[in-house]
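Single-structure report; data block below.
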Amino acid sequence: MARGLGYYIAVRALMIIPTILVLYTIVFILLRMLPGDPILAVAGTKNIPPEQYEELRRLAGLDKHPVVQYFDYLWGMLHGDFGVTLATPRGTPVSRYIWQRFPATLELTIFSFAISVLLGLATGTVAALRRGGMVDAGMRVYSIVAYTLFIPWFGMILQYIFGLQLAWLPTSGRLDPGLTVDRVTGLYVLDSLITRNWDVLKSALAHLVLPSITLGIVLSGAYTRLVRNNMVDVLGQDFIRAYQARGVRGWKVAWYALKNAFIPVVTLMGLQFAILLGGAVLTETTFSWPGMGTFIVDRIEYRDYTSIQGAVVFFALFVGLISLIVDIVYALLDPRVKY
Amino acid sequence: MALLEIKELTVNYYTLTGVVNAVDKVSLNVEKGEWISVVGESGSGKSTMAYAIIGLVPPPGRIAGGQILLEGRELTSLPPKEMRMVRGRDIGMVFQDPMTSLDPLRRIGHQVAEVLVEHGVAEWDDALEKAKEMLRRVGIPEDRADYYPHQLSGGQRQRVAIAIAMVLRPKLLIADEPTTALDVIVQDTIMDLMEEFKKEGTSIMLITHDLALASERSDRIAVMYAGRLVELGPVDDVVEGSAHPYTQMLLRSVPDLWGPKDIKSIPGFPPDLRNPPSGCRFHPRCPYATSKCSREDPPMVRVGPLHYAACHYAGKLGEEGGG
Amino acid sequence: MAETLAWRTRNLATSLIAPLRGRAPGVWMLRVGLAIVLTVVFMAVFAPFIAPYSPVKRVDRGYLPPSWEHLMGTDNLGRDVFSRIVWGARIILKVVFMASALSMAVGIPLGLVSGYYGGRLDRVLSMVMDSMYAFPALILAIAIAAVLGPSPTNTAIAIAFVYVPTYFRMVRGQTLSLKSQLFVEAARAIGATHRSIMFNYILPNLGHTILVVFSLSVADAILTEAGLSFLGLSVTVPTPDWGYDLRKGQPFFLDGYWWMVFFPGMMVMLLAMGFALIGEALSERLSTAQTR
C-alpha cells in the first residue's frame, strides 16, 4: 500500500503521458484534417512559384507522409523542437519564441491563479457562514457575474478607471520603458528579487496588478460556488460540532473547516488552470502583455501555421504538467489518498 | 449537591415556518458518579437538551428559559470564553457517528492532544505523549497515534472519540447515541469502556432511543416525549414498574428474547412541535386519555421514593391495563 | 407512443413554466435570465425594425457621445453604435446556436453509445473527450478558427468542437446510471433493440440534464464567440459583431470614447449572464427534484 510519495509521483507522471499524447494527436489530426492549404494561406497568394511552394512545405514539414510527420514532430517535441516559423521572420525556431514569451504568460497566470483562489476562498467562506441570508445571495450573484464577465471588456474598464481616470497603474506591457532585468527565470518578479533590482520589482508588480486582477476575478466565480457548497457541507458535519464540544477555539475550528472544504477545490484547480490559460490570451491582448497569447494572435495575422501548431502543442504539454502537479498536491493534502 | 442541575430548561428553534418548542421546561439532576440515560424517540428533544448543556444548540435554536447549573455554576449565562473552557474540561461529549465526528485530515494523536493544548494543560510535545497514553487507555495501541481516522475501524474511531472526550477527565461525559452506528458486539465494548470511566468517578449521561441498551447499565433512566420529561427514576423502577403510559408502551415495543410478550408498536406519530397538543403532549396517542389530559398539563408526581412520572393517572394505571 | 410523447412534452413544458411561479429561491434567477435572453432574441429577430439606422453606413459625425439621437453614441466612422448592437445580436446568436446544435448532434449520440455499450470503444472515446475537456477551450478554438479562416460558420465549427466533450461526458455519465435501472431492464426483457433502448428509453430521460448543460455551455460559448471575434477570428469588416466592435473600439477607449467599447462588452456579458442564470436555476431545480 504505502510505497511512498516518490513512487506515487512516478506513477502519476506516467499516467499523464497518454493524456499528452492524445492531446498532441488531436491537435495534429485537427490541423491536417481541416480544409484549406496552410501554405497558400501563409503565402497570401495562389500564384507563388512552385519551388517556393515546395520550400515552404518542406519548412512546415508537410512534404513527408503524415505518419512520418506525426513521429518526426513528436520526436522533435521531446527535444524541445516545435518546428520553425513559416511567416516573417521565416525559419526561426518556434521554441525560441516560446522561450521568450512563456515566462510572461506563466507570471501572469500564477498571479491570476493566486488571486482567483484567494478571492474564491474568501467569498465562498463568507457565503457559507452567512448561508441563507442576503450575503449568501450576494455572493451567488458575484459568482455568476464574475464568471460571465467578458475579459477584454472588464480589463478595459479597469484600465479606464485605474489607468486613465485615477492614473494609479500602468495599463500595458510588463515593465516601464527603459527598465531591463537580467534573465534568470524570465519571471520579472522573481528575477528582480534574485538580482535585487527593486525598481524593476516595483514596476513589474505595478504592471501585473490590472491584468492579474482582471483574470483573477473572472476565474474566482467558480471557486466561490464550490467553496461555499463544500463549506456548508463541512460545517454541517459532526466533527465541526465535535471540535466545538471539546472547547477548541472558534478560529481554529473555522481553519479546520476551511481545510476540509479546500480538498475538493484542489480537484477543480487543474481544469481552472486550463480555463485560465485560455483567458490569458484575451487578457494579454487587452493589456499588450508580451506572452504566449499575444504571440499566437500575432502569428494568426500572418496565418503562420507552424507557429500556431507549436504553441498549441506546447500548451498541451503544459496542461499535462499542471494536472500532474494538481494530483501531487491533492495527495499531499488528503491523507485518504493512498500512495 | 448534584453535579448538574437542569431547571425548567426550555429550548426553541426559531424556524421560518414557526417556533419549534424542542425542549419544554425540563428539570433533571445528574448526581456525581451516576449513569443516567435519557431515552426518547428522535425528535423528543433529548439531543437538543444535550447540546443545550454544552451551550451548542445549533441555529436557529436558542435556550429560551431555565437554568443549567454545573456544581452550582450557571452555564447558560456564561461568557463564550468561559463556556469554551467548560467544554472539554468539565463536560466531554461523544457523538453518534464516529465516521464523521473525527476530522478526516488530521492524525488522531493530534486530535487528542489538541484538547490538552487548547485548554492550556500542556504544550504540544507533552500533549502528544499524554495523548498516546490516553489512546492506550481506551485500547488503541500507541503506535497508531499517527494514524488518520480512515485507517481505523468504526469501533476504534469511537474509542478515539471517547479518548478525546475523556482526556481532561471531565466530571460529566455526555454520549449522544454513541453506539447506534456500530454493530452489536462493538457496541458492548464501547459501553464497557464508558462504564470503566464511570467507576473512576465520571458521571455519564447516555442519550439513546434504545430503552434496552439504557436499562443495561444505567443507575437512573429519564424518558422524554415531545420535548418533555415524562418519567424519571431508578432503572428497575422505570423498567419493572413504569408509571407513564408512554414508557409502558415503549417497553412493550422492545423485543424480548425470553418474554412471551407480543411486540406492539406505538400507534400514531410524535406531534408537530411547532404546534404541540394542549395538556399532556402524549394524550393523542394515549389509550387512557381522558378530557382532563387534553386540558391540563400533568405535573411531575412522585410514584416511588426516587421515581417520578408526569401523568395525571400515574400509579393508578395497571400494567395489565394496556393488554 | 404518441400519448407518452404528448405526456412527456407536457411534462417538460410544465416543469419549465412551473419554476416561474412560486417563491422558490431560484425563481428570480430564471425570470431575470429569461427576460435577458428573450430581449436579445427579440432584438435579433426584429433588428430591421428596432435599429434606427443602418449598422454599416456613416450616419452622423464620428465620436458622438450617447444622446437621444444616438442612444449609444457613434463610433469613429460615424456609425450608430446602438444599431450595430441590435444587428450584432444576430451574429452572436446565430454562431452560438449553430455551434451548440453541432456539439449536441455529435456529443449526445457519442455519449449515449459510449455509455450504453461500454467496453473498449467507451474507454477510447472517454480518453479522447477527457483530454479535450482538460485542454484550454479558447486556445483550441483559436487554433481551429485560425486554420479555417475568419467567417461566422468557421467560428461556429471551432466552438462546436470545444463543447462536444461537455455534452459527451454528461450524456455518458447519465446513460451509465440509467442503463441499469428497472425500466431499461424491463425494456430489454420485452425485447427492445439496443438502438430503441438508447433513443426511446434513455434519451428522453436526459431532457432536463441536456437543457441544463445547454444553457450553461451556451453561456460559455457566448464568451468564447466574443473572444474569438475580439481576436479577429470571426467576422470581417464591416459586419456588426459585439466582440469585434469591442476590438475596433479599443484604440479609442483610452482617449475617453468609452461608449464604443462599453456597450458591446456589456451586451456580451448580459447575454452570457442570461443563459448562466437560466442554467443555474434549472440545475438547482433538477438537483432538488433528484434529492426529493
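A, B and C label the chains in the order they appear, each numbered from 1.
As a working rule, contacts are C-beta pairs under 8 Å (C-beta built on N, C-alpha and C of every residue); 3 or more make two chains touch, one makes a residue touch a chain.
Owing to the predicted nature of the structure, the values given are computational and were not obtained by experimental measurement.
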**Request:** Name, by label, each chain that touches both members of the pair subunit A and subunit B.
**Result:** none
**Request:** Find the chain most remote from subunit C, comparing centres computed as mean CA coordinates.
**Result:** B
**Message:** Ranking chain pairs by how many C-beta pairs touch, which one is first?
**Reply:** A-C
**Asked** Just curious, how far off is subunit B from subunit A if you go by their C-alpha centres, in Å?
**Response** 54
**Request:** Indicate the whole-number Å distance between the mean C-alpha point of subunit B and the mean C-alpha point of subunit C.
**Result:** 55
**Asked** In whole angstrom, how far does the Cα centroid of subunit A sit from the Cα centroid of subunit C?
**Response** 24
**Request:** Could you list which residues of subunit B touch at least two other chains?
**Result:** none
**Asked** Which bits of subunit B are touching subunit A when the two form their complex?
**Response** 54, 56, 58, 84-89, 92-93, 95-97, 100-106, 114-115, 118-119, 148, 150, 161, 164-165
**Of all residues in subunit C, those that touch subunit A in their complex** = 127-128, 130-140, 142-144, 146-149, 161, 219, 223, 226-227, 230-233, 243, 246-247, 250, 253-254, 256, 258, 261-262, 264-266, 268-269, 272-273, 276-277, 280
**Item:** Complex contacts: residues of subunit A adjacent to subunit C
**Value:** 18-19, 22-23, 26-27, 30-31, 34-36, 38, 41, 144-145, 147-154, 156-157, 159-160, 163-164, 171, 270-271, 274-279, 281-282, 285-286, 296-297, 300-301, 303, 305, 308-309, 312, 315-316, 319, 323
**Item:** Residue ranges of subunit A touching subunit B (in the complex, touch as defined)
**Value:** 237-239, 241-249, 252, 256, 259-260, 263, 333-336
